[in-house]
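Letters A, B, C and D mark the chains in the order given here, with residues in each chain numbered from 1 onward.
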Amino acid sequence: MKEFFDLPIVTSSYGWNAIFGLDETVSVLFVLPVAFAVFLLLILYPLFFLLGFTERKLSADLQARVGPNRTPGKGALQLFADTIKLGAKSANTGLSLQRRRFLPSLRTAALYSSFAFLPLGTALVFLDSEVGAFLPFACFGFLFLVPLFSNEGPNEAEDQIMAHRQSFLWLSAWIPALLTTLIPVARAGSAKWTALLSSQSDGVFSWTAFSSPFGFLAFLIFLFSGLVALQLPPFHSLDRGTRRRTGPDLAEFGLNEFYSLFSWCIFTSALFLGGQSLREISDTSFIWAAYQLVSTLVKASVLYLGVRVTARALPQIRQDQMTEFCWRILTPVALVSLMGELLWTSVFSGGAQ
Amino acid sequence: MRTLLKKLESDFGQAVTIKKFGRSDQFVVEIEAEKLVEIATWLRMQEAFRMDFLENLSLFESKGKTVFSYFLRSGSQGLQLVLRTSLATPNGGARLEIPSILGVWSHAESFESEAEKMFGVHFSGENRASSVRKNFGLGDEYPLRKSFEWGDRVEL
Amino acid sequence: MRTFLSAKLGNLAAWAQSSSLWYYTITGGCCADEMLSVQGCRYDLERFGCLPQAHPEQADLLIVSTAVTEQMAKVILDVYDRMPSPKYVMAVGACSNSGGAFNERVSYVKSRPLEQVIPVDVFIPGCPPRPEAIMNGLILLQNKIQERGANENAP
Amino acid sequence: MIYTREKLHASVSSLSWGPSDPSLPGIFRLEADAEGDLIRRARIETGFLHKGLEKSLEKRSWFTSMIAVDRVDPEAPLFAELAFCIAIEEICNIQVPRRAQVIRLILCELGRVGSHLHFLARAAIATGFDTASQYILRDRELVLDLFELMTGRRFSPNFFKFGGVGADITEGFIERIHETTRLLEIRLREYHALMIENQAFIDRLAWQGVLSAETAQSKGLTGPSARASGLRFDVRKDEAYSGYEHFDFRVPLGTGARGTTGDGFDRIVVRLEEIRESLLILSHAVDSVPAGDFLALTTPPDFTVPAGEAYSRVESPRGLLSCHVVSDGGAHPVRVQWRTPSSSNIEVVPEVLKGITIQDFPVILASFDLSIAEIDR
């Protein structure tokens, strides 16, 4: 038993220990579930309510409206009310109970497993492996393999077509995303999250997005292709699988959608929008860990709001147009930015030497 | 317009009667139902006038007769003409028979299907396979005939 | 303590339900225009937490503003059956309130009151009603849900 | 969405939407055979909203008939009122005062602006473009305010009377019209930037749902949708009624600016242009309202129309709206028949939907501006 707890998992999660006031030696297998519960209940859900409300208010303001304002706190509890209401509703879908519960649960589990390598800070990554930056692709990819091999609804022909389309779209969007991931990885010389974060810790101009024009291009492409692959606004298809969901299922769907977009924003900010220094690696104080957490969440929230509000100001795009967008714009530009970045580094760092 | 009407009279003679339409400066050409398709084709094909647009097909029942008015218009000349024929309304649920002019004006579709549902007219001659179906949920009743009553009605 | 808690929870559910009434509309005719106005930015139903839904499965409130003829009754019933409970119905306009300008005395389609087809919570008269009237009906419905939630869970 | 389907064979499936479905512009049923997600054949079933309006008109007295006439096209009620009034005035030989004619014209052009704005809002909603639709609905409220100021109601105004209009111009109405037209001109430029020059919006509509002039003509299409295909037919120009001959305006035609003539994008552009022309007519008309009576005669409750018949045409926002009134001198009309533009326009929809993807059909349907209440009556 002792050996099991001492498995050599590559982790840099001592920040969580600091946040909980635990000793650094407490096993990660104990900290992970606690941290996950705390993250979910105290960070993610309140952020869902807060950001959802802010997004609705901002887009209402954009559309010359008022937006939700009748719930307590000038409408701030609107998404809380929505979620409670959906949870209290009866779910009368046409699907059998087993089928209805099993697949969404599988997807939810796959989605939340990404918490293990969510780069919340240099000291807050549980699974800090050598392929860290590529793990999100495996995790989110699983979400789209599920519908491909199983028919969710009673109408098989249509669902099969949609599943194939979505999988192809996922494939076409992952290629530019993978290409652009190579840029920060090349800059850091490693795909470890801690290395990626610490390589961008010398002020704003050390961030990948602001280090060179190609870095900024890559940042945009990475963000967009993730949105396309995950079918999030503004790249959501017209009927994104919400048709047969009711009540609690719909609440779960909404939360999952929020988590997938928010975690994508966290990944983007970790790859392109700076990180924290490893200077204070010995300093495992509460303040340092909390600072890491808050700064990451703020960056991701700003990205999230930017994406959602921009999505409201655009018309919807068809799936085949999205696929075309991936192949004709995102992938070539990703290649160009990769080449450009390599040239840029060789010219400028060569000059510096 | 006058030349067209003169030509019509000379070509068809007794089969057509030309009158004024109400107070307006339009003309009504009254014809027999059997001659409908022939005269309609003639009007459609006249080189100089080309009544190529069937604006409206209006049916009304008056003095035991169902009157069909085809409002025609020539797209190039802006001329208007009303082609009119009438048939005795049958009693009960029996259907009226009139030749279809779908072969002359293909857009008569919507008017004919409506008349079929509301007046119980059978347009013979053309097989209509419209992709727009009208289902008013009326069954075998033809509400626009004068004999149709639904009881329980007050004077407004 | 348990009754107190369940009453509180019931109140919470009723409050949540009343402040997030997602609606599905069956409209045709003049009321369709006013329903669009209500969605629009001047009247803005989203203030009340109401969002238009594309599928009846996700709606809590059914807004009917057509003449309820034999044919439409089938359509309305079909949509109503697909909504998950608790569900609420709002009859907007004279047609769905009483048969309106197409009732059995005036027209052979014999438009009926919506009440004869499905249970109705709020009636809004007018042909078509003004957007303010529709919003007032919505507030009435919210109060009704909250009162009902408070009464049902009282010991 | 009542959304049923069955698998026919390997890749062809039979889909069905409606009768109540937000992706359709009203209550009707659309059935389609789709190969993959391309529609190969479409069928439409209408009639769910049938209200027996024409029979109801036969049972009403002349005095109360305007209530039913208002419901012919509930989205633009004044055009049906105008057609009915013109027909009755022709039978009774009533001369409408010039002032009443201009008031009618102003209200009708206002109605056209409102109806086209409604159309644009629906088209924006169909493309998922919420922000644009909210802006357009905001401006539609301005038009409805003017209606309320003049007629007392936002919809179903029951305002036109036989021989004139129900009331004289309200105080401040003309200033408000000037104010609104000025504002709308600015807003139209805004929509132009928001929709017409928006590449994402263009991609959804250009080259989609192309309707050739030949098909449009053979199916009897009228109105802006036909003009977008290049058919130049506008009753206001060809047979001017109610004093349109005194105003100079342009009839916009589809040019295929971003795609080809007669595509979905043209149908949007033509309507935007028509709003601009209507605003020009409006600002000219309110400056040239002649003095005089606004009503030639007061209609008594037992008003009867002498025996005779008349046929009137008006250009409604959707196309040619005409009304055939037959009277035998009795207390009720013998027949009031309507030719509504949408019931002819819907005939082209199954043709146009061929080769459209399932995701695109709501946009194409919205681009035709169909009013189902008008078809079913």
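Criterion: contacts are C-beta pairs under 8 Å (C-beta built on N, C-alpha and C of every residue); 3 or more make two chains touch, one makes a residue touch a chain.
Not measured: the values here are computed from a predicted model.
Engineer: Farthest chain from chain A, going by mean C-alpha coordinates, please.
Structural biologist: B
Engineer: Does B-C or A-C have the larger number of C-beta pairs in contact?
Structural biologist: A-C
Engineer: For chain B and chain C, let me know how many angstrom lie between their CA-based centres, rounded off.
Structural biologist: Using C-alpha averages as centres, the distance is 45 Å.
Engineer: Taking the mean of the C-alpha atoms as each chain's centre, how many Å separate chain A from chain C?
Structural biologist: Chain centroid spacing, chain A to chain C, equals 38 Å.
Engineer: I'd like the Å distance between the centres of chain A and chain D, where a centre is the mean of that chain's Cα atoms.
Structural biologist: 47
Engineer: Between chain A and chain B, what's the gap in Å when you average each chain's C-alpha atoms?
Structural biologist: Roughly 66 Å, centre to centre.
Engineer: On chain B, where are the residues touching two or more other chains?
Structural biologist: 135, 137, 143, 148, 153, 156
Engineer: For chain D, what residues touch not just one other chain but two or more?
Structural biologist: In chain D, residues 1, 47-48, 50, 52, 55, 59-60, 134-135, 138, 376 touch at least two other chains, as defined above.
Engineer: I need the residues of chain C touching at least two other chains; which ones are they?
Structural biologist: 41, 54-55, 69, 71, 106, 108, in rising order.
Engineer: Report the topology of the inter-chain touch graph, choosing from line, ring, star, complete and other.
Structural biologist: other
Engineer: Write out all the pairs of touching chains, ordered by chain label.
Structural biologist: A-C, A-D, B-C, B-D, C-D
Engineer: For the complex, give me every residue of chain C touching chain B.
Structural biologist: Against chain B, chain C makes touches at 69-71, 104-106, 108, 110.
Engineer: Touching chain C in the complex: which residues of chain A?
Structural biologist: Going by the criterion above, the answer is residues 56, 60, 63-71, 75, 77-78, 80-82, 84-85, 88-93, 239, 242-247, 250.
Engineer: Which positions of chain A touch chain D when the two form their complex?
Structural biologist: 59, 62-65, 155-158, 161, 165, 237-238, 243, 312-321
Engineer: Once bound in the complex, which stretches of chain B touch chain D?
Structural biologist: Answer in residue numbers: 21-24, 26, 52-56, 58-62, 69, 71, 75, 78, 82, 105-107, 109-111, 114, 118, 130-138, 143-144, 148, 153, 156.
Engineer: In their shared complex, at which residues does chain D touch chain C?
Structural biologist: Touch list, chain D to chain C: 1-2, 19-20, 22-23, 26-27, 47-53, 55-56, 59-60, 67-68, 71, 74-75, 77, 118, 121-122, 134-135, 137-138, 140-141, 144, 154-156, 372-373, 376.
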